[in-house]
Every structure is written in C-alpha cells, then in structure tokens.
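Shown next, in structure tokens, is the structure this report addresses.
Labels run A, B, C, D and E following the written order; every chain starts at residue 1.
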Amino acid sequence: MALNVLMFYILSAVIVIFSVLTITSRRILRAAFYLLCVLVATAGFYFMVDYQFMAGVQLVLYAGGIVVLIIFSILLTSHISHKFAKPEAMRLVMGLIVGVSGFALSTIAILQFAFKETENAAIKVDMQAIGTQLLGTGKNGYALPFEVISVLLLAAMIGAIVVAKKGK
Amino acid sequence: MESNSFFLMRNELILVGIAMILLVAEIFTKPEKKNGIITLAAVLFGLATVANFFPVPEGTLFGGSFITNPMTVFMKSVLNIGVFIVFLQSVTWLRKEENHGKISEYFILVISTLIGMNFMISSGDFLMMYIGLELATIPIAALAAFEKFHEKSAEAGIKLILTSALSSGILLYGLSFIYGTTGSIYFVDIVDKISSNPLQTFGLVFFVAGMAFKISLVPFHLWTADVYEGAPINITAYLSVVSKGAAAFTFMIILFRVFSAVTEIWQPLLYTLAVATMTVGNLFAIRQNNMKRFLAFSSIAQAGFILLGIMQGGELGMTTVVYFMLIYVFTNLAAFGVVSAISEATGKENITDYNSLYKTNPKLSLIMLLAMFSLAGIPPVAGFFGKFFLFTAAGAKGYYILVLIAVLNATVSLYYYLRVVKAMLIDKSDEPIGTFKTPWAMRASLLICVAGIFVIGFASAIYEYISSISFGIN
Amino acid sequence: MNILNLFVIIPVLTVLGIMFVKDYKGARMTAAIGMSLQLVAALVMTLMYFAERKAGASGEFLFYTDITWFKTLNIHYTVGVDSIAVWMICLASIVVFAGIFASWEVQYLSREFYISLILLATGVFGFFISLDLFTMFLFYELAVIPMYLLIGIWGSGPKEYSAMKLTLMLMGGSALLVVGLLGLYFNSSAAGPVTFNLLELSKINFPMAMQRFFFPFLFVGFGILGALFPLHTWSPDGHSSAPTAVSMLHAGVLMKLGGYGCLRVAMFLLPEAANEMAWIFLILTTISIVYGAFGAIWQKDLKYINAYSSVSHCGLVLFALLMMNKTAINGAVLQMISHGLMTALFFALIGMIYGRTHTRNVPEMGGLMAVIPFLGVSYVIAGLASLGLPGLSGFIAEMTVFVGAFAHTDTFHRVITIIATMSIVITAVYILRVVGQLLLGPLREKEYLEFPDARWYERLSLVVLILPIAIIGIYPAFLSGTLADAIVPIVERLTAML
Amino acid sequence: MIEGIPMTHVLIVSAFMFFAGICGFIIRRNMITILMSIELILNAVNINLVVFNKYLYPDQLQGQFFALFVVGIAAAEASVAIALIINIYRRLNSINVEQVNEMKY
Amino acid sequence: MNYSYTILILLIPIAAFLFNGLLGMKFKPIVSGLVGTIGLGIVFLLSWYTAWQYFFVGGMVDGEFPKIIAMSMDWLQFTDKLTIRMGIMLDPISVMMLVVVSSVSFMVHIYSLGYMKGEKGFERFYSFLSLFSFSMLGLVVATNIFQMYVFWELVGISSFLLIGFYYQKPSAVAASKKAFIVTRFADLGFLIGILLLSFFTQTFDFTTLTGADHSIFESGAAKSFMGMSVFTWACLLIFMGGAGKSAMFPFHIWLPDAMEGPTPVSALIHAATMVVAGVFLVARMFPVFFFQAPDALEVIAYVGGFTSLFAAIIACTQYDIKRVLAFSTLSQIGYMILALGVSGYEGHEGVGYMASMFHLFTHAFFKALLFLGAGAIIHAVHSNVMQDMGGLRKYMPITHITFLIACLTISGVPFLSAFFSKDEILVAAFHHNKLLFAVEYLVAGITAFYMFRLYFSIFWGKDTQYHHTPHEAPKVMTIPLMILAIGSIFAGYVPFAKLITADGRPFESHIDFAIAIPSVLIGLVGIGLAMLMYRKETHIPERISIALGGFYKTVYNKFYIDEIYLFITKKIIFNYISRPVAWFDRHIVDGTMNGIGWITLTSAKKIKGLQSGYLPQYGMVFALAAVVFVLIFAFLVR
C-alpha cells in the first residue's frame, strides 16, 4: 500500500472516530478538542490533494478561529467539569435513524453515480492563481462574492455586537 | 468590463451606499439626536425605492454571476416597497427608549439583508446564491434577538441561527453533489448536465430542503412560528414578507434556470410540499391565539399556495407567483401593521384582546378586516385575484386535485381569518382595547397597504406588466 | 352606456353614499333610495329587453358588452342578459328593496349593516349579469362573504356558529367551483385561446372524459348554494340565525344563484355529462324535496321550518333543471322566482313577528291573527303560495315542473316525479300546522293585545313581495311565456346528443 | 498524492462526517455542541467541494473557492451564533436547549 | 248562440271577494253582506237564464246537447300541445251545476244575512263566500281538466277558510286543517292522474278527452303498470281526487269535522255544492272512465255503495244534528257515486249517469234545506246536540214544516223529488249489480230511520226546558227555507232524462214500480221505527244501544277511522318519519359537517406536538424529511 493511501486511511479513521466522539462526548471541552482534531485531519486532506491554501485557511480560520471562539464561549458559559446527562434514548434512536439512513442513502447514491474523469488539464494551484481569481471579475473570478462577503462580515459583526453588547 | 455596467447593479449599490451613509451618520450623530436617523433612513430608502422603478437594461456582470433583467428588477422593487413599509411601521417602535441605542444598527442590518436578497435574486451561480442567502439570514438572527432583554426575542434569535445553519449545511451538501456531478457552479453550465440520476436528485432534494427552510415549507417550517412570535413585530413582518418573498422567488428562478430538465422530479416534490404546507399550516393556524404566531402559520399556509405557481414552470407560473407576492406584501404588511400599532399602543398581541376592537378603533379594524379577507382570497380585494391566478397556474398544468386541495385549504384558512374578524366585530369584551391615535408613519404605511390591497386586483395593467417580463422554463 | 353596468354602479355608489352619512336614519334613507333606483333600473331594463326582443333582436344575450380585463389570461368583463337573467334581476331587485324596508329598524351599526347588505346585493346582481365565468365567480364569492358579517353581527341565537358554518360550507362549494371553472377554462383551447367566456365555451364540445370529471365539481359546487342534499345543512342554521333582511336575501335570491349556476354553467356547458349523471343528482334532489318537507314538519322554530321548506323547494328547482326539457326548465325558473318571492315574504314576516313576540318558537305563540291581521293575512298568503295554491305563483311553478318532469319517457323519471309531487301534501301539512298554531286559535298572551299591526314600511315591504306573487299566479303567461328565448338554446344543447 | 485513493472513499468519509453532524444536532442538548455539529456538517461539505474539484474538475478552482467562502461564512455564522448563545446565557443562565422553549405549539 | 255574458258569472263573485276582502273593513258590515248577496243574485239570475237559453233556446244539435266553449283564453303554456286554458264550457251538466250552485249559494247568502248578523268578521265571511262561489262556478264550467284542478284547489282553500271561520276556536282550526290536508292528499292523486292522462293523450281539454275520437288514447292503451293499464291508473287516481272532495270512504273523515264551520257554510259547501264536486268530476270524465277504464268504474261503484251504507249506519248513532246531516250527506253522495259506477253509456243504458246527476240536483235542494233548517234550530237553541232539543215544533213552525218536507224527501216518500232520483239509481243498480242494489235498498231504510230519528228528537220528544224560549228565525232566514222546500218538492219533476244523459241524447225514462214500491215501503218502515223510538221519550234507543254493546260503540265512534288516521299522522308521520328525519338531519347530515370541522380541529390539536419548541427536534424533523424525500424521489420514484 502506498504511503499516501495509508495516510488517507489514517486521516479517515481520525475523522470518523473523532466526529463520533465530538457528538457523543459528555464533556464539552473534550468535544471541542475532538472537533479540533477532525478539522485538523481535514486540513491534512487538503494538503494531500495539494490545496495548500485551502488547508491553510482551514487551519487558521477553522481550527484556529472558530474552535477558539467555541472554546472561549464554552469557558464563558460552562463549567469545565460539567458532565452532560446521557441523551434521551428516544432522541438517540431518532438521531441514529436519521444519521444512518442518510449516510446509507448518500453512500448508495455516490456509489451508483458514474463519475467521469475530466480530460482537461489541471490548473496550477498557486497563490498567484488564487489571488487572480479572487479578484477576477469575469467568469471564474470571485471579486463579487468577495465584496459581498465583506458586507456579510460587516453585518455579522454589527449584529453580534448589537446582540452581545451589555447594558441598555 | 465597462463602468456603466455597474448601472445594472444599481439597486445593490444604492443600498450599500445607504448602509454606509447610515454607518457614518451613526458615528457623527449625538446620542440625543439619534431619532433623526430614522427620518434619514426612511427618506433615503424611499428615494432608493423610487429610483429602482426606472428601467434598466438586461445583462449579466462578473461573467454570469450577476444577472439582471426586468423581472429581477421588478422583484427587487417589490422587496423595496415591502421594506419601505416595514420601515414606516417600525418608527414608533424604534423611538422607544430601550431601542434608542440601536437605531442605525437596525437599519443597517435590515438593509444588508436586503442586499443579500438582491444578490440572491440576481445570482447567476450557486456561490452568489449561497452568499446572498446567508447574508439575508445571519443578520436577521441578530435582528430577531434585537429586543434582547425579552427572553422570547433571544430565544427567537438562537433558534433562527442554529436552524438556519443546519439548513444551509444541508443546502450546501446538496449543492456539493450538484457541483460534483456537473462540474460547475454557474447556472448556465449546469443546466444541460442535469438528469434524474440518484445523486443529482439527492442534491436537488437537499437544495429544495434548504430553500424550503427559508420559505418555511412544511416540514421544514418548524422554526418559523417560534421565531415569528419571539422576534419584534416589525422583524416578523420583514421575515414573513420580504425574506420569504425573496427566497421563494430565488427558489423559483433556480428551479426554472437550473433544474428545468428534471421537472418530473421537482414538480411532484413541490406537490407534496405544497399539500403538506397548506394543510399543516392551516391546522396550526386554527388554534393559535397569539396574533404573531397566528400570522406565522398563516404565512406558512400562504407559502404553500405560492408553490402552486412555481410548479407550473412557465411564464404563467412566474407571473402569478410574482403577482401574488406583490399582493402579499401589501396584505400581510397591513395585517402586521395593525398588530404592530396595537402592540405598540397597548402591548396586547392576542386575538382575544382584539374583542370589540371595532367599537374603539374602527379604522384599524377595517384595515385588519381587509387584510384578512385579502389573505383568505375574498373578492373584491386583491388577494382573491392573487389566489385565483395561482390556482389557474396549477390548473394549467392539469393539477386539478391539487387545486381542489388548495381551495379547500383556503376554505379552512377562511375559518381562522374570520376568527380575527369575529373577534373584532362580533365578540363582546369587558376590557376592550382603548381608542388610541395611530402615529403618522404607521398611518402612512397602512394607507399604502390599503391602496395596494384595493388597486392591485383591479388594475390588470400590473398583472399585464408582470406577465410581459416573466419567463418560463422554455 | 350599457344599462347592465348600472346594476354594479348603483350599489357601489349607494355604499359610498352610506359611508358619508351620520346616523342610522341617513343610512337607511340612502339605502332605500339606492335600492329603489335599482328596482326602477331593473324594471326599465326588463321593458327594454322585451322591447328589443320584440323588435327582433336575436342574440342569445342582449345588452352584450365585452371589455378586456386581464389580457394575457383572456379574462374579460363581459355582461349580457337573457330572459332568465332579466327575471332573476327583477327578483333580486324586488327582494333587496323589500329587505331594506323589512330591516328599517336596524340601529346597531346600521351603516355597516346596509353596506354589507348592499355589497351582498352587488354580488348577486353581478352574478346574474356576468357572462365571463371569472367575473361571475368573483361576484359569486362577493355575495357569499358579507353573509358572515351580517349573520355574525346582526344575527340571533348561535349566530357565530351558524355564520361560520354557512360561510365555510359555501366556500367549500366554491372550492369545487374553482376546479370546475379552471377545467372549463383550460379545456377551451381547442377553439382558440383559452377563455372564460360563456358564449365561447358554449360553442365547444368538450370531450366526454373531461365532462365526466368536471361536471360533478360544477354541479355540486353550485348545488351547495342551491341546498342540494346532503350539503344543505348550512341552510337551517344560517337562516335561523340571520337577521330578517339577510334571510330574505339569502333564501330569496342567493340560493337561486345555485340553481342558476347549475343551469347556466354546469349543465349548459357540459351537456353530455349532465345527461349521463343526471340520475344521481335526480335522486339527491328528490330526497331533498321530500326530506326537506318532512324535516320541516318536526321543527318548532319558524325560521327552521322555513329553512327546511326552502330545502324542499330549492330541491325542486334542481330537480326540474335535471329533467332537461323545455317545460321542466321553464318550471325551474318559475320556481326560482316564485320561491324567491315567497320565501322572502316568509322571512320578512317571521322577522316582523319576532320583532313583536321576541320568540320564534311556534308552540309559544298563538292567536296572532286577531291582533296583527295584516301580518297574519300576509303569512297565510305566503303559506298558500308555498303549498301551491292556484292563483299564487307557487302553483304555476310547481305544476310546470311536474308536467315537464312527467314528460320523460322512462319509468325512473316518472316515479321520482310522483315522489316529488308528494311534497305538496307534506308542504300543506306543515304550513297549515304553523298557521294553525301561530295565527289561529285563542290569543295566547294578554300582552299580544298591545302589538301594533304592520307599520308603513313593513306594509310596503310585504306588499312589494305579495304583488308579484299574485300577479304571476293570476296571469302567468307574461312570465312563463317569455323564457323561451333563453331556454330553447339550453335545451337544444342539452338534448343535442340524444 | 491522490493516486490510489478512490474518490468515492473520500466522499463516503465526508458523508459520514456530515451525518454525524446531523446526528449530533439531534441528540445534543447543549447549544455549543449543536454549533459544533454544524461545523462538522460544513466541514463535510467543504471536503466534498474540494475533492470534487481536485478529482474531477481540476481545470478550475470553483470547488475550492466555494469551500473558502463557506469557511468564511461559517466563521461569521459562528460568531453571531456565539453572540446569541452568550445572550441566552445571560438571560437564562443556561445554554441547554431544553430550557429554551418558551415558545411552542 | 252567444253565451259570452257567462263570463260575468265568474267575474261578479271574484269582484265581490276582492271588494269585501280588501275594502270590507272600511264599511259597515251590512254593506259587505249586500254586495255579496246582490252579486250572487245577479249570478243566480244569469245562471237560470243560461240554463233556459242552453236547454230551451239553443237546444240540441244533431240530436244531442252540444258542448259549447263560451270563452277560452290561454293561461299557462306547458308545451306546444299542453296548455292550460281558462274558459267556460257549457254542456248539460255544467249548466245544471251552474243552476244548483248559484241557487243554493244565493239562498245561503240571503240566509246568512240573518244567521251571521252581528258576528265578528261578517265582511270576511261574505268575502270567503264569494270566493267560494267563484271557485265552485269556475270548477263547474271548466273547459279542461287542469282548469278544473285549479278551481278544485281554490274550492278547497275556500272550504278551509270557511270551516276555520271561527279561527279562535281550536276545534274549528283543527277541522279546517284536517279538511284541507285530507282533500289535499286526495288531490295529489288527482294531480298524478292528470299528469298520466295528459301525458298519454297530450291534451287537457274535456271536449277532446270525452269526444268521439278515441284515437288520442292509443299511445297509452297498450302500456300497463302493475297489471293495470295506464288509463285505469289515471282514472282511479283522478277518482281519488273526487273521492277526497266528495268525502268517500276512506277520505270521509274530514266532512263531519267540517261542521265546525258556520251552518250556512255547511249547507252550501258541505252539503250541496263542493262535496258533489267528486261526483261532478266523474260525470265530467265519464266517457273516459267508461271506455278506457271500466275497471275503475267498477271500483267507483263499490266505493259509493260502501260509503253510503257505512255513513248511514254511523248517522244512526250520532247526536250532533249537523253531524247526522253530514253523515247523511256522505251516504247520499255514495248513492250518486254508485249510480255513476253502475251506469252505461248509450241511451237507457246510461240511466245511472242520468240518475246520479238527477240525485245530485235534488239532493242539493233538500240537503241545503236540512242544513239551513238545522241552522235555524241551532240559532234558536244555541246548541247543536239533539239531547238539548225537543218539542221545538211549537216554537218554530216554519222551520218545522220545511224540515219535515226535507226529511220526507230524503226518505224517498213518493212524489217528492228524491223519490224520482233515488228510484232511477236503484233501477240502474238493479240492472248492473244485485249486491249493490240490495245494499242501497237497505240504505234507503236506514236513511229514513235516522232522518226521522233526528226529526222526532228535535221537534217532538221530550219537552225540554230552555233558558231562552226558542223563537222562529227571522224572515231573511225562513224565506230561503221556504224556497228550498218548494225546490225539494218539485225538483223531481224536471225531465232529466230528456236533458242530461251520458251521451247527450235524451231517452225515455219511467218509474219502475217493481223497484219503487219496495223502496218506498222500506222507507216507511224506517220512519215507523223512528216514530216508535223517538216520538215520545222512551228507553228503547238506550236499550238497543246496550244490547248492541261493542258494535254500537264502534259505530258511535265512527268505526275508529279517525283514530286510525290519527295514528297514521301523529304516530307514523310525525313520530316515525318526520322526527327521525329531523333527527337524522341534525345529527347525521349536520353531524357529518360538524364532524369534518371537529376532525380538523382535533387533528390540529393532535399535531401540536410537532411544534414542540425544542430545537433538536426541529433539526430532526428537518433532516428526517430531507432524507425521506431523497429516499422517495431519488430511489423509489424513478
């Protein structure tokens, strides 16, 4: 077995195990840690497919930003030692049914579909290409989404401030 | 790319401009003069609304990411009108002491969500659509929790953000399959690569589910009532009219543009959703006592009717849907306006509080009566035309049974709309809501609504205009 | 300008006028003036119509006007009348006119009352003049909805319940109608663009499968308003709770919309299906006729009695229509007019009696004839008209129906005709029972002696209704003979396949 | 480095992650864990997008950019959500969803 | 011949009705009385003039009396062929009826001036009387069967109004209602009969129906229903109508009760005119019956015979004088009906028809006389029960004499009018059906018995002490009595066989002494028995009634027919049909409608759990729905 394949399966195993742990762990900080592991493993994937920029964003924004945010909020709102009660059986069963059946269906759908490999040559993914496209205004240029998402971030910021601001 | 092609994005740019002006104004306004921002925002927005009525050439920008045509421009105008009315209706509310510090934030958030909706409507690829969708959702969650000292408001905010995140996750998962099987996020590239294989259907269904969340179609509607009840009334009005209208329009346009090859899949899917939505919406609406919650379920049921038009899939369908939404904006905002006026004046929001309202506030009651009749689809008010044409659209496709179910549901809906009428005109009350004077802004907004309710039905020119700019699958 | 537009314009102007008056006196005066003008307009229109016919006007509908409304949907504002519609408009004008005077004393929210009443009337008039199914349907719904307010606000007894039931059931009926109308609309494309125009539709021979599917929708949809068994139950409750003028208008005119619609839309446009399915509905209408009459016997509330009686009589209308020959349809139209007048008279009287005794429970009253002879005699006249006494309109109508119905060649139609004729005996039973208990016999309460007899407006209202009943009864030819121009094309279309 | 790794396997892993997230949303009661479940969901979507891009359509970077924007939006969403959670916590002193259902039926 | 003036015969009464009904209250009561009476007087003169002109000036054409349509106008067109025309037809029987109706009616009008004097509603009484006269006259001159039905109904309603004249008296109200409903029920048969007949013959007109051309019956002759031809059915149903109006068994129950009306009304309507409408109807349709439905004719004969016996027996036990007279009327009409039933058509064969009409004619006089006399008595003693009377001959000589004449007449004493007419009936019955003949013989005896029972109880018998001394009625009442007495003596000398026959051709008739003598004898026996029992106060009647026991009680209670009716109406129709229908309507039909509403509301309640307010559950539903839709649309529905 090739190294990269082995690595893929290791990463897969990490993702599978830790995502299960994330949703089952009864201690919230641990859950956050498991989530971080999943996200980092995902970043590993991105490295494997040569999308370093993506992987970097994943690590910085996701693992670094969001998870930290989550951990902060956990610290703000929960006791570290607090252990959750076990989920209700009924809810657990329903969750499992939805999860398992959804997973089964998507797997079947994926396996059934005959994906066609492309004949087009791969584009070179470097920072320059990414930068050009991000500011491109034609097809496959992402200037417009880029601008709009800035409005979104501004609005989210204002919104978060309005909501979280203390006092009258 | 020429500079005047930005003219195609006129409305979005104006809105961003307004948002910026307000942001600046917020910084340079003294705290005791914050109320001036209300007037500023209303005037600016009114101008923007008027400006958008000027004709615009058709065209695309950013390599197909942004599409504009008379229909999208018209839809944006409809949304602008809705938002303008909402602004007028929220004047009193904003002047309250507790909201004093959040006036400009309110406007900025609303306008930014409106920008999101505008991009959503004009989107030419899934990325723009998704970003627009999120932009139209995330700030609303903050708005829903705007009265953050009310527990209900906070609850509304959290429920909205978490469920909407889930829904956008599901939507995205569907979109990822669409991208994976077609190789593009651009609508024009996708359209001829769609077939009815399981994976693409999977993607389609998840996409529909995500959109159904926004339009609050049953069974993806559960957040609606809670959020509508908890959010400030004006936000609820905004959610139920503008946000829903934009999402429905986008949903329709994408189904037409992208999934035109698989109508045999999404039509039965919408059929099911329509039946479920109308029925469940009605059943829940029957037993509500809180006016906002009641209107929430009523608007769920109304969304079911919109699907009838979408399913038609042709010019007729689009015309009827847009026409209905136009009517719906005026009708529902009239209802919310009255609820808002009463709530601001007395704090009462229950149907039973409205007993004998006609005795003390006859004008408000009459407006409410008209709104209820229009929602129920009773002639001669516009709602009748809107509903009948939606039925016509479904009939054109041969869905007579669906039409029957829909009309029967309309009959059931009449029951609860009449409950409100009954409360106001028939039921006696020991402590009726006292007579109060409605502020001028509210009056103006209600006047606009009433004019709309009466005129749009009879003025066939409006329908003809919509018909002339609409397009179908083919 | 087309005279028919007056029938929409006058009510709308009247409504606007009422909005600007101050008190109840002004409101009722405005309403009375408006509806008097309406009555005059109806009579003038009738005269003009028959003058034009005499002058050789040969169109199926006269005063035909066609204005495009929704161009892309090919929806028009099309008006025109044939002789059936002319007489129905006359009927409606008379009943509305009488209704205004019968409710002269309404003071609680009187402006709103008259506005609702006249809106209802607008719906009725609009319905009869419309030739475009869309506008027809619009007016139909317009006529139904004010009922809710009228019953709910000014009614008595379990008014909210009754009003709600009535509204929902009638709206359920219009649900069926929507489907039927859309079916007609979309299947009309064979001859050109899809259309709601009745005249255009009547030139199309729809395929059988389509007819079979849509006929029940249309017939039942209109039939609910025509109190088709078993969908008649809105009628007893609705009528009993409604205020006087509303009962009058509803039983007198609105229920006729059902019969008219069944004829003009369901049967006329889908003749083959009508022929094929007639037997089902004939059975139902026969049940209506007998069942309504038997139901009336047991009732004690005056309005319930009359409501069941209406079920029976309106059943006769549908029954006659389904017989599908000239005589029977002629009879059906006569019965609509006759029943409209006499049931309006009944309800007016019941309202007036109730206004004095404050009860409608028959066993609690007695001997009223001695104290209020004018009302008493009018009630007897109404009763006699209802039980089909010659010389009053009921006889003319019923006999025409029976002769027409009996003209069918197969045993089934004959047998149900005979069953239907039995209703005239049962009618006599309950009418006389009520007359006996209510008006005759010894005076029941001393305080009855203080009752005033009919006041001027009450007399006016009653006389306006009694006169046509008597005129039709004594000289039926002026009415019965004039319907041919409308009925012949319908019958020809209905029997074309046979 | 993707030789020998079947695309479908990656997709299945991401599907697993996705439905684990869904399942987490359903069975968890703490709002923050629900938020984490959502992050799992979005992450799964990103994997899909990137993998499709790499395996099937490497001539353009649509999937990757899509995923980038999803990350950005997820961040915005998370920040607002956390603000709201904190707000709730201030009001109710709890972030258990069971406590947050004053409005129902 | 110009008969167009006959329209006045109808117009004058209706004008009087409208005048009295609408304006009567505005004038003094007597004005109404005079208007009515004078109007009827003119009608009376016109009728006699018409009769004279018809029989003796116009005379026969081709050996028979023609049917003359004096006027006719279209009234209501059903189909091209079937049109109701309103018109006036003159033929022997209608002219005869005109005479009878107008005469009796005129007498009653005069009489009522005295009898009803001072009554509340005097003008109402006269307006109703005029209405009745109009309807009855319209009925007899009807040119077609539907016109007859129209007036038939009007007669019914006039009768209803007059019986219920004392509308504050519950028994009067009940009686009027009963009369109307029973006859209405019978009229239903009439109507259906008309429908049947007119459908197959495509005509309503009597001239066509009873004309010589029988081809119109061909279309229906072959058709039969339940073993009888359609025309038999039609005729039986039409006769049902006649039986209702003429109070034949089993529709007789309304007539005794109808005596609740003022006595002049009983004389006019329930003795002389309206109740013979059934006879008139059968006579009018006689050719149809005879040629198309001989079976029906047979039924008619038996119905007539049975009723006459049945009513006569009951009459023997009643104490209310008006009721006795009512049963006597029943009995006599039974005679007439029977006579029609046993009649032939041509020449002497048609003696039954002639006799029936003859008896109708004479009966009108003596029965009106009896009733008016009874009225005078009631007027005097303020009671109509026999036990309250006795020895009245001293106080009321004129009434006594005229009453006696009438009793003698009805008993068939020779050379009084009924002797001739009854004899002809017996002849006809003898030739046709011996059983019925025997019955009628018996009835003749019983008739004599109960009439004299009545007579003796009133005018002889015990000397009753009266609160107020009875006194003779005023002139305005006695004069009509005397006129009618003259009529009942001499009416028998009208040569009926020359004027009114089934085929319109005169024939020779003579008294058949072999039949007449025994019938006279049996009448005398009856009179004798009555004299024995009731001339002086004796215990014989009481003892006989005790001896007969249950039978007497049964008869006294009119064979409990009323109770059976009551059972059927109150129990069956009200309790077992109407009440369940009402229940069914409220609970099942309406219950279903309410049930739909209930289901909607309940299901609304049941599904509220969906909206639990619980966030994970929302997500669960959301995801589950998405997955299920994928399952359905991606995999199941392909």
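The rule is simple: contacts are C-beta pairs under 8 Å (C-beta built on N, C-alpha and C of every residue); 3 or more make two chains touch, one makes a residue touch a chain.
These figures come from a predicted structure and were not determined experimentally.
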Graph separation of subunit B and subunit E (steps between touching chains): 1
Any chain in contact with subunit A as well as subunit B: D, E
Chain at maximum distance from subunit C, centres defined as averaged CA atoms: A
Chain located farthest away, centre of subunit E as origin (C-alpha): A
Chain nearest the overall C-alpha centroid of the shown protein atoms: C
Dominant chain pairing [most C-beta pairs in contact]: A-D
Geometric centre distance via CA averages, subunit E-subunit C, whole Å: 37
Chain centre separation in whole Å, for subunit D relative to subunit C (CA means): 64
Whole-Å separation of chain centres (CA-atom averages), subunit B against subunit D: 27
Subunit A-subunit E separation of Cα centroids, rounded to whole Å: 101
Junction residues of subunit C, two or more chains touched: 168
Residues of subunit E touching at least two other chains: 608, 611, 613, 615-617, 619-620, 623, 626, 630, 634-635
Touching two or more other chains - residues of subunit B: 127, 131, 134, 138-139, 141-142, 145, 148, 157-159, 162, 166, 170, 177, 180, 183, 198-199, 201-202, 225-226, 287, 412
Interchain contacts (touch definition) - all pairs: A-B, A-D, A-E, B-C, B-D, B-E, C-E, D-E
Residues on subunit E engaged by subunit B in the complex (per definition of touch): 600-601, 603-605, 607-608, 610-611, 613, 615, 617-619, 621-623, 625-626, 629-630, 633-635, 637-638
Complex contacts: residues of subunit B adjacent to subunit A: 1, 16, 19, 61-66, 98, 101-102, 105, 108-109, 112-113, 115-116, 119, 127-128, 131-132, 134-135, 138-139, 141-143, 145-146, 148, 157, 177, 180-181, 183, 186, 197-202
Contact footprint of subunit D on subunit A as seen in their complex: 1-2, 4-5, 8, 12, 15-16, 19-20, 22-23, 28, 31-32, 35, 38-39, 42, 45-46, 48-51, 53-54, 57-58, 61-62, 65-66, 69-70, 72-74, 76-78, 84-85, 87, 91-92, 94-96, 98-100, 102-103, 106-107, 110-111, 115-118, 120-123, 125, 129-130, 133-134, 140, 142, 145, 149, 152-153, 156-157, 159-161, 163-164
For the subunit D and subunit E complex, residues of the former touching the latter: 22, 25-29, 31, 34, 97-98, 100-105
For the subunit B and subunit D complex, residues of the former touching the latter: 126-127, 130-131, 134, 138-139, 141-142, 145, 148-149, 151-152, 154-159, 161-162, 165-166, 168-170, 172-173, 175-177, 179-180, 183-185, 225-226, 229-230, 287, 293
